[in-house]
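Following this line, the structures themselves.
Here subunit A shows up in two complexes: once beside subunit B, once beside subunit C.
On to the complex of A and B.
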């Protein structure tokens, strides 16, 4: 009997979906498994496949059992298929079919759309592992290295989660899509990953932290809206993934926060008041605050592009079909069908930026992006608290949504971080004040050094306030050469 | 005086406001405003569901208070308040595992595998807790120090008897005591307190002696274990405690005990066995022991165990390093005894106790899950029900 909470380790693939009684899907997944392991070994964390990493693994999907900590070799990590427990009598919560029983099988007429949503989500998961594969070599501490690897194995598991849905519910198409997910690679000129931000390089740890704060937060918003889905297996999958995703937000927020902390502390120790005295600050071996602002500008805007066009028929169709809802759909008080509602959308009108009321159904991307921006805003506020406490006079700020955009209303124009529309010349002249230049990147790269003494940290980043799993400061989170 | 409360709080400096705790809490005790996520002291029932899923560790904060902090107070915080000095009486203390933060943290870590708030067995006696502390330790005198494992095995495990003289130091079977090793650590601070389970029954090594025994394995670089293993008769030792209010022997003679251990994890089970033997010698078949070691020569109390009559206890001794024999761990033997164990799990009187190295937890848990699957039980549900009724206990380190 499978108990739906506890993970079944009887098959090669740990799961709580009764795989041992579902021979067809089990066989398909077993066939996919070696390709996945090859992918992990070839494009996963470079040089640490034999290291023992203090990772958490889920042994069940209830709160008690999903965070077991132990040393694991990454290729032996128990990737598996874990769905949040099924809610009895769950209904489709929004759209045209609102109030009908949630679907346990794919609704035939929306099959293609659903497959596409799952494939796009699935494509981002291995992409970030690929982007981050060289970071172990410059990890600022064993603590950070462990956090990186935890993020990596969980992204790997999220790929499993999407592949399970494809294999289980989409037959031959699903099997082919699953293979494709291993064939596309981040930054590959011939077979790139599907979304832009996932083909950018993650060259250093500050980029990694910014990526996990800003880009993984897009992932969180997408998962939140898929967790609302009327297709119950997708909803349950995403709900469990969200619990893991929170760790990724944590790595990003505290990674940048600790970088800020170290910079401000170093400035105070050296008696530097002016945060714009960039060369003197950099001489201290820390990353100056204006450069942190530029990095935030870049990662935030690349992530905004992931939400697609502000006005979108695809998003409207997915909502109407009951496949993809809004952030915290169940907590919104309206008819959950949006037949008459409007939503203000940012538009360029006669050279000015204005908010224009638009049918809410077609403005769902805009709405999700607004929810995302608010979430980011709060995190930036907490970074500013850190700065404020050290007495340094500086505030980080998110740029205007018109700034540095490649998709949507402002893709064809340039704007300053304050939202002033600029000519191409003006933009070219000021660009390096707002976005990291090659020289900025070189400087950050020059600080990256691997620190492997337990409890020690590279000079540009402060230690965390508490350890993972309450471990003491000098805990050896990664045993790099366990033999 | 108000009853003191151990209040559950979230550290606003560490929390990233991901909302996982609020999603997880089964009784909606966690709430938030634009600034902070907070725990409602009137609702929180210490089920601990929120602890493991929190990605930051900010959720795992506690203050002993006379009056709990209100929601509004918590919403206004930018950092956690310091622990105030709280005078405690013995009655209030009895509901907690320990009053010193240092010890609470050690016990919380050791009991983590329980999978939620540990609950004492319904029929356990009321323990005394934290009568002695770092600032006010008891002084014990070494009465004996005996090697339990064979010479030359490289595995030096000792049975150490501490005499408490005229000091009142009431311990129950399953409780631990703290040892303060002399000297300072590398950072110049006093050495941290180490916890050891008591291996003797509450009335002493022999009935009516005011002493207790510990089972200590010498660790290569262990400050405290080397200190203890090198002790000689007559040496004085600083002791704190007793500690622990949940991993306790049930007093009900009808109760069945399943004890699973490795190495020095046998200490509390030696105490349990002694207690049963002394107080209810006529009760048959209530004890089942799964005990793992590398070889018989390295199994603590191998000799004395052979003298425990089979009517009192069923013994499963498993070895992982006997030449020319297959490796067998406790979790393997559990699977061999699946029928016996599944019958025990179906019995509402069964209490499971697990003690040993952290590494054994997963294997034991998986064996239980597997045994349950074979007999149409849902281990997750069984375990939760057992824990909530004080019948499932884990103490690992």
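On to the complex of A and C.
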């Protein structure tokens, strides 16, 4: 018997699912492996495949002490298949089959829906690696570079996690979908990634931090709801992925936080009180707070689109079928079936925005998005604390959900960040006040410079308070040219 | 609310026609908020009757207003969705009668695409980016050539059975097996995969003609359009004929057009459509016909009759019997027929003849009792005589009424009755009528051009009954009263069975199976019951099926 906690490194693919005894799936994964490595070398971090990176690798799925740190060349990273330990006698926690034994095999009736959920989740994982592949060249420090690569290899592992499910449980279709996950590429007009935000460019480090804060947080919410799944292997996979995902959000929140810190400190040093005195602030070589607000506006709203339409048949079906639950499903006090409940959904009614009670089952996307918005609010609150401590008079604020939307109730209309519905002309006139303009992007790009001296940081960002794995400030997180 | 089948491009909400020389683009970009009824939004380029009325209008205008257009590219205005098919919430909320009428009209529209391709040299190419599901794929199936984006997410699908417990309602199953000749077992797989088939496999299974990467898809589509255009026999020069708004007035119990009148007696459930023959001579030349444009009598009468039939179907559901009458000089009708026959190779002449063919098919497919009343002063000649042969029964008066100095009733045949206007079974109405006595066709043909009085017509088997004025009034009255007393459902089924004798074609299969299977399923609790798939769609709750196989 395999050990369900510790990772088996005997096979080419580290795992805690007994792959060495599951020849069929092992063979399929070994066949997929070279294509994955080619993908990583071709579309993974550009120019750093030979570098030694101080990375954590999962050695166990025990939440206490699951990872070890060491220098690794990224293509040699031990990507593996790691599922959280199986709970004894787990039940389907919600939906029509609530209380029945959780499925260890795919129920035929739900096979297509389940495959689709896994493919969509799987498609996002390699997409962000592709989006971020050029960022190493402008890393503001070795610390940040290492964090970028850590995020990248773990997104790669999350792809493995989804591919394992596809290959183990979905036969020929699953193998084909696994191939397609390597064929679609972010921003490729011929084979784009499935979701819009994953085809946007990540041109600079501020975008990267915003992306990991806002867009990876969508990933977290999706994983949280899939972790509730009555299909037990999916639940276990997602539960373990969540332990890794926390670091990604940490990178985003502290990255933006450190940017804010540096801007406010520089303003204070220069005696600038007015955060809107943008040119003077920019002359200090830091990113002014209004531009940070614009970046947040953009990344937040692109991420809101990832939740799909507020009212969704697919989400309702997936919940009712016991495949995808709600955020913290087990902590919610209701019948977990929702056949009689309602949930308020934002609607545009005669040019006004109103909340309309809607059958709760069909409003699950809206609900998950609300949970997401609350989660984002907390992080923004912590950013504002940083600003407040420096004495600068400015507050970051999340825009209204009607603002700058491409999907859902407000896809066809324009609104201000305060939620006032605007005409197309009004929108065109004000758009650049709220979203980063080309000039804003050019300015941010002008600050991006690679800093590779251990312990040194680019001028636009403050150093972190503590190092990774408690390493000292001048630790060499990446040995760029180890030979 | 009256459903109006007249529209024009300036008022479209869902479609756009772009003309670029020989190639037109027909762009579907459905306005979510533009549903014909309350209670649903037309998301993901889904359609309702209102969307299809515009499509029908667009196809018709491309034929008449754009003789220069030889290829039409049908595409979506939305890169992520081609078309999600008929709107499910609309279907779930619609009455049975509306669903049936909706499906019938949308089928007629798709058939008119194939008709344009086969007979007008206007070839249709479909560019599918994103999902073409259900009715969306059926739209594509009606075209000559389907190009699918090979972007590893665009797909074609017929998800009706797994998703909604109904059938594809616009010929999807028949076109998959009979037009595209997809192997039956693969078709079975295809029709049960909710998310459909993508890329190369869609090509291998013959569901689409080619799968092309996005970076080349515009170029390939334009190239195919040029190839189809080059093979077309359309004239290539203008001008077209502008389909100007119909002259019509609606009253409480009538609709009056310039040459057609529809009168409705709601108490008896009898409607009468009267067509006035032309009151002038046929034009001297094709140029004259072009100059008359939409006022040219055969075109005008066809448009008016078409609209009257559609109005009756959609807005007068309780009319049981449609009485068809004509008034005018038979010679004048025949003169126009002869003119069209002489100009059958002129693009406009050809269009008008094919339009009459389609209008007559629409009459055949109208689920009301059709009866032709052939009285003194009528002009059931040539094209208009087809109405008598489309009818379930025809009554012809022998002699005249007292103190009526109109000319005695006569039926007059010409070449148009012998193959110009095939029914959906591929046969002329007379061939269908005389399936068991082909010699009767010859006998009738031998009398072509002669005015046939009631007794002769009766002898030739061209009318059901011939009565003199002593019996006439009672016989006609009793027939109408009897008809109104029968079950409308029984009559619909019986008439549809009897009208289409002879061989099956793709069209008869599509309509026959729609009527037999889809309309049956549309009545069954598994689809439309409280716990059925259509009603539960979107709620997230699984439909609860009665497991008995019928």
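By our rule, the second predicted complex is superposed on the first by the 481 of 483 C-alpha atoms of A that agree within 3 Å, B and C clash if a C-alpha of one lies under 4 Å from a C-alpha of the other, contacts with A are read in each partner's own complex, and residues count from 1 in each chain.
Quick note on the criterion: a contact is a pair of C-beta atoms (placed from the backbone, for glycine too) under 8 Å apart; a residue touches a chain by one contact, two chains touch by 3 or more.
On a predicted model such as this, the values are computed, not experimentally measured, just so you know.
Superposition of the two structures on subunit A shows subunit C fitting alongside subunit B with no clash.
Here subunit B and subunit C are compared by how many residues of subunit A each touches, and B touches more. By the touch criterion stated above, A:313 is placed in contact with subunit C alone, subunit B being left untouched. Of the two partner chains placed by the overlay, only subunit B lies in contact with A:67; subunit C stays clear of it.
When the two complexes are overlaid on their common chain A, residue A:438 makes contact with neither subunit B nor subunit C.
The gap separating subunit B from subunit C in the superposed three-chain model is 30 Å, by closest C-alpha atoms. Taken together, the two structures place no residue of subunit A in contact with subunit B in one case and with subunit C in the other.
Against subunit A, in their complex, subunit B makes its touches with residues 13-14, 16-18, 20, 23-24, 34, 49-50, 52-53, 55-58, 60, 78, 105, 108-109, 115-116, 358-359, 361-362, 365-366, 369-370, 372-373, 376, 378-381, 383-384.
Residue ranges on subunit A touching subunit C, taken from their complex, read 96, 112-113, 116, 180, 183-184, 189-192, 194, 309, 313, 315-317, 319-321, 338-339, 359, 361-362, 364, 412.
Chain contact summary for the complex, subunit A toward subunit B: residues 1-3, 5-10, 59-60, 62-68, 70, 242-243, 246-247, 249-250, 253-254, 378-379, 382, 385, 465-470. The touching residues of subunit C, counted against subunit A in their complex, run 32, 43, 150-153, 162, 193-195, 213-215, 537-542.
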